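Pasting the structures in now, so scroll down.
Across the two complexes that follow, subunit A remains constant while its partner is subunit B and subsequently subunit C.
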Partner chain A sequence: MSKTLFEKIWDSHVVVQEDGRSLLYVDRHLVHEVTSPQAFDGLRLNGRKVRRTDLTFATMDHNVPTSDRSLPIIDQTSSTQIKALEKNCKEFGITLFDINSPNQGIVHVIGPELGITLPGTTIVCGDSHTSTHGAFGALAFGIGTSDVEHVLATQCIMMEKPKTFEIKIQGKRKNPHAVTAKDIILSIIRKIGTAGGTGTVIEYRGETISELTMEQRMTICNMSIEAGARAGLIAPDEKTFQYLRGRKYSPENYDESVNYWRENLKTDSSAKFDKSFILGVENIAPQVSWGTNPAMTTDVTGTVPFPEEYGKGNPEEEKGATKALQYMNLQPGTAITDITIDRVFIGSCTNSRLEDLMEAAKVVKGKKVSTKVRAMVVPGSQLVKKNAEELGLDKIFKSAGFEWRESGCSMCLGMNPDILSAGERCASTSNRNFEGRQGTGGRTHLVSPVMAAAAAIHGHFVDVRELDLN
Partner chain B sequence: MKGSVIKYERDNIDTDVILPGPYLKIHDYAELATHAMEGLDKDFHKRVKPGDFIVAGKNFGCGSSREHAPIALSYSGIKAVLALSFARIFYRNAVDGAFLLPIEIDENAYRDISDSDSLEVDISKNEIQNLTKNKVYKIKPFPELIGKIIEAGGLFNYKP
Partner chain C sequence: MEPFKKISSIATPLDKVNVDTDQIVPKQFLKLIQRTGFGQYLFYDWRYEKGVPKKDFILNDPAYENSKILLARDNFGCGSSREHAVWALDDYGFKVIISTSFADIFYNNCFKNGILPIRVPDEILQKLFSTKRTIEIDLEDQSIKADGIQVSFDIEPHWKKILLEGLDDIAMTLQHEDAIIRYEKSHKV
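Coming up: the complex of A and B.
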C-alpha cells in the first residue's frame, strides 16, 4: 500500500494501536525550563524515573536574560525555574546544555545543530514550535506538561492519528533574497487561516521546497503550528544529509543511516493526502502582519485592510479585524510602508539562525539604525553567535547601532527581560503577533529578517525588493 | 454540570491572552488563576464563579503548548469551555490533567447562548440545556481516546 512520509514514520513508531488511540514511541525528547518543572515533580511524587535519559536533552531558553551572562539573574522567579531545571537534570541524569554551555540556545535551534534532530525520528518537546524539526523529515510534536511527564516516564506518547495535509509550493521567486521562507509561510497561513491545518500533519512539497536551504525549511516548518497543524514535515534530501553530517550527536555509521533515510523517507508517488493546498510563489511579495494573529498579514505593497474587506462577509472575521486594528492602533487604508516602528527584534526559533543573520547583515552593512528605533539581534544559540562573530556579523550590526545579545527566546514571548513597553510597535522576526505576546500592550508586526533589518534602518517598513541584496 | 456563562464573541482566543507569558514562572495554581484571561479581560478574575462556563468562537486556545492556560482557567473555577473549535494542544492539555472539558458546540448554540445564561451540560447525553432560555443544544461527541481519558479522570488515571 502506498503511504505518505508521515504514515511511514508513524507506522514505524506505533507501539500499540487500538480503540482510537495510538501509543507512539518517542526517539528524542527535548526539555526546557518552563514546561518541565511540574512534570519532574510528578515523577518524584510517584517514585518514577526517566525511562531513557540517553534520548532526553535539556536546555534553558525561555527565561534566560540575553544580556551579560556573567551577571546573576535578577528576576527571582526566572532564576528559580532555571535552577529547578539544573537540579532536575542532575537528579534524573539528563544531559543539560546550561546557561554557560557553548551549546546553549533555543531548543529548536540546538536540536538540529547538534544532530539530535534526525530524519525519520519522532521528537517531542513541551513547546508548540517543536514543528520546526519537521524540516529534517522528523515527526515532531509540541506537547503540554502532562504529556512531558508521560514521555519522561514511558518514552511514549498517547495520541490520535492526525490527518495528512499536502501543501505544494511551486514556482520560482524573482528575488529569493527579498522574498524569503518567512514570506512563503506567512502567505500560506494568510490563505489557509490559523486553523487551516488543525488536526493534520502538513507535508510541504514541491520544487520551491527542494530549492530551500535547511535553515529556510526550518522557518517554514516552525510556523506550521500557526496554521493549527500538529506538525509540519519536509522529506529529507541530500541537503538534509549534508547538513547533519559530522554534528555532535549525528550517527557514527553516518553513510549507512543516509542510505536508509534516502531509501525510506519519502511519500510514495501514488499516496493520497486527506487535504491539499497549492501555493505559487512567482508573484508573492514580502509579507507584513498588521493584526493580532499570523493570518492577519498582507503584502508590503499593500494597505491596512478595512475590517469589512478583510471579513469578506463573515461577521466574526470582521469583528476580529476591528478589534485587532484597535489593539494595533492602525487606521484602515494606511500604506504598510507608512507604518513607523519603535523596536526591531531579529531572533526567535523562527529566524535566528546563521543565514537569517547573514541576510539581515547585508541590509545593515554600512548603514545606521534610525534614531527613532531600538533594534536588537539575538542569535538562536551560542554556536550561531560564535559562527556569526567569526564572519564579523556582530561588528556589522553593532556599528549600525543594533544590540548584539546572548542566545535565548528573548523578545519572542515576553517572559524574560526583553519586552516591549505598552504602545511600542515592533518589527519582529518571531512567530506570533498575539495581543501582549511581546509585552503587555506591545504591538507586533511579523516580518522576515531582511524586512526587519530594513525597517530598523528606515524607521518604517520598506519593500526589500527595492534593495540590492545579491 | 450547572453553571453560568461568560461569553467572548471572538475567534482565535490564544494562550497568550488566556495566561500571558510573564506568569508562566508561577508554580502555585491558585496564584496562576488570578491571572486567567488577563490578556483579554482584566475583570475575569473578579467575575468568574466556581462552575462557570466560557463560551467562545473558533480555534480556542491556539498558540503555545503551555498547560498553564487550562490550569489557570480550571483553578479560577471554569468547568468547561464551550467553543466552535479548539486548537489541538490546548484541547489535549485540558483533558490530560482533567482540568476542564473542551466542548465543541455548533453555530446555532454559539449564537443563541448569551452572556450570564444558566446552562446544564450533560456529556453522557451530548447535550446542553439552556435553563435561562429553555432550549437544548447538541454537542459534538468527544473522539474515542479523549472520551476515555475524560472518563478516567485524566491521562495518568487512564488504563487501556
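Coming up: the complex of A and C.
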C-alpha cells in the first residue's frame, strides 16, 4: 500500500493500538525550563524515573537573560526556574546544555545543530514550535507538561493519528533574497488561516521546497503551528544529509544511515493526502503582519485592511479584525510602508540562524539604525553567535547601532527582560503577533530578517525588493 | 484526578474567535514551578488594568461569578503549548469549555487535567450563547441540556473513560511495559 512520509514514520513508531489511538514511541525528547518543572515534580510524587535519559536532552532558553552571562540573574522567578531545571537534570540524569554551555541555545536551534534531530525520528518537546524539526523529515510536535511527564516516564505518547495535509509550493521567486522562506510561510498562513492545519500534519513539497536551504526549510516548518497543524514535514534530501554529517550526535555509521533515509523517507508517488493546497511563489511580495494573529498579514505594498474586507462575510472574523486594529492602533487604508516602528527584534526559533543573520547583515552593512529605533539581534544559539562573530557580523550590526546579544528566546515571548513597553511597535522576525506577546501593550509586526533589518535603518517598513541584496 | 460526572452551571460567554493561550495566561506568569494557583492570572491582560478589574470584561461580571462552563468561539486555545492555560482555567473553576473548534495541543491538555472540551456545531453554539440559564452537561450520556436545547456531543472513548474514572494515564501506559520493551529491542534510531 502506498503511504505518505508521515504515515511511514507514524507506522514505524506504533507500540500499541487501542480505542482508535496509538501509543507512539518517542526517539528524542527535548526539555526546557518553562514547561518541565511540574512534570519532574509529578515523577517525584509518584516515585517514577526517566525511562530513557539517553534520548532526553535539556537546555534553558525561554527566560535566560541575553545580556552579560557572567552576571547573576536579577529576576528571581526566572532564576528559580533555571535552577529547578539544573537540579532536575542532575537528579534524573539528563544531559543539560546549561546557561554557560557552548551548546546552549533555543531548543529548536540546537537540536538540528547538534545532530539530535534526525530524519525519520519522532521528536517531542513541551513547546509548540517543535514543528521546526520537521524540516529534517522528523515527525516533531509540541506537547503540554502532562505529556512531558508522560514521555519522561514512558518514552511514549498516546495520540490519535492526525490527518495528512499536502502543501505544494511551486514556482521561482524573482528575488529569493528579498522574498524569503518567512514570506512563503506567512503567505500560506494568510491564505489557509490560523486553524487551516488543525488536526493535520502538513507535508511541504514541490520544486520551491527542494531549492530552499535547511535553515529556510526550518523557518517554514517552524510556523506550521501558526496554521494550527500538529507538525510540518519536509522529506529529507541530499541537503539534509549534508547538513547533519559530522554533527555531535549524528550517527557514527553515517553513510549507512543516509542510505536508509534516502531509500525510505519519502512519500510514495501514488499516496493520497486528506487535504491539499498549492502556493505559487512567482509573484509573492515580502509580507508584513498588521493584526494580532499570523493570518492577519498582507503584502508590504499593501494597506491595512478594513475589518469587513478581512472578515469576508464572517462576522466573528470581522469583529476580531476590528479589535486587532484597535489594539495595534492602526487605521484601515494606511499604507504598510507608512507604518513607523520603535523597535526591531531579529531572533527567535523562526529566524535566528546564521543565514538569517547573514542576510540581515547585508541590509545593515555600512548603514545606521534610525535614531527613532532601538534594534537588537539575538542569535539562536551560542554556536550561531560564534559562527556569526567569525564572519564579523557582530561588528556590522554593532557599528550600525544594533545590540548584539547572547542566545535565547528573548523578545519572541518576553519572559526575560527583553520586552516591549506598552504602545511600542516592533518589526519582529518571530512567529507570533498575539496581543501582549512581546510585552503587555506591545505591538508586533511579523516580518523576515531582511525586512526587519531594513525597517531598523529606515524607521518604517520598506519593500526590500528595491534594495540590492545580491 | 477527580472523576468527572455531571456539571450544572451558568455559562460564561467569551465572544471572541482565535483566543490564544498567550491571552489565557500571559507570559509573565509562566515562571512558577508548581501547577496550582494560576486562576488569578486567567485572562490577566483582558481582566485587569493596572491591577484593577476591567468592568467590560465578562469574567468581571458578577452574574458569572461561580460559572463552571466557558462558551468560546472558533480555534480556542491556539498558539503556545503552555499547559498553564489549562491550569488557570481549571483553578479559576471552569470544568467545561464549549466551542466550535479547539487548537490541538490545548484540546489534549484539557483532558489531561480533567477539563471537558466539547465541540458543537455553530448553530448550537449560537443558541448556547443566547441562553442566560443554567446549562447541564452529562458526560456519561454525552448530553448538553439548556433552556429548551438538548443535544448530544462526541468524545473519544479513551478520553471519556479517563475523565469518568479520573485515571492516571501514565499508569495506564505503563501497563504496556512489555510492549514498550519489545519495541525498544527491535527499533533502532
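Just so it is clear, the second predicted complex is superposed on the first by the 470 of 470 C-alpha atoms of A that agree within 3 Å, B and C clash if a C-alpha of one lies under 4 Å from a C-alpha of the other, contacts with A are read in each partner's own complex, and residues count from 1 in each chain.
The definition used in the following text is that a residue touches a chain if its C-beta (ideal position, glycine included) is under 8 Å from a C-beta of that chain, and two chains touch if they have at least 3 such contacts.
For clarity, every value in this text was computed on a predicted model and none was experimentally measured.
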Joint occupancy of subunit A by subunit B and subunit C, clash or fit: clash
Partner contacting more residues of subunit A (subunit B vs subunit C): C
Touching partner for A:387 - first (subunit B), second (subunit C), both, neither: neither
Which superposed partner A:158 touches (first subunit B, second subunit C, both, neither): both
Touched partner set for A:118, first subunit B, second subunit C, both or neither: second
Contacts of A:175 with subunit B and subunit C, given as first, second, both or neither: neither
Touching partner for A:48 - first (subunit B), second (subunit C), both, neither: second
Partner chain(s) touched by A:15 [first = subunit B, second = subunit C, both, neither]: second
Partner chain(s) touched by A:27 [first = subunit B, second = subunit C, both, neither]: second
Subunit B versus subunit C as contact partner of A:195, first or second or both or neither: both
Touched partner set for A:143, first subunit B, second subunit C, both or neither: both
Subunit B and subunit C contact sites that coincide on subunit A, given as residue numbers: 16, 18-21, 34-35, 37-38, 62-63, 75, 77-78, 80-81, 126-128, 142-147, 149-150, 158, 160, 194-195, 198-199, 225, 228, 230, 293, 316-317, 319-320, 323, 413-415, 432, 434-437, 440
Subunit A contact footprint on subunit B (complex, rising order): 9-12, 14, 16-17, 20-22, 24-27, 39-40, 57-59, 62-67, 85, 87-89, 92-93, 96-97, 143-146, 148, 154-156, 158, 160
Partner subunit A, residues of subunit C touching it in the complex: 15-18, 20, 22-23, 26-28, 30-35, 45, 73-75, 78-83, 86, 101, 103-105, 108-109, 112-113, 156-158, 161, 168-170, 173-174, 176, 179-180, 183-184, 187, 189
Subunit A - residues contacting subunit C, complex: 12-13, 15-16, 18-21, 23, 25, 27-28, 34-35, 37-38, 41, 46, 48, 55, 62-63, 75, 77-78, 80-81, 84, 118, 121, 126-128, 142-147, 149-150, 153-156, 158, 160, 162, 194-195, 198-199, 225-226, 228, 230, 293, 316-317, 319-320, 323, 413-415, 432, 434-437, 440
Complex interface listing, subunit A residues touching subunit B: 16, 18-21, 34-35, 37-38, 42, 62-63, 75, 77-78, 80-81, 126-128, 130, 142-147, 149-150, 158-160, 194-195, 198-199, 225, 228, 230, 293, 316-317, 319-320, 323, 413-415, 432, 434-437, 440
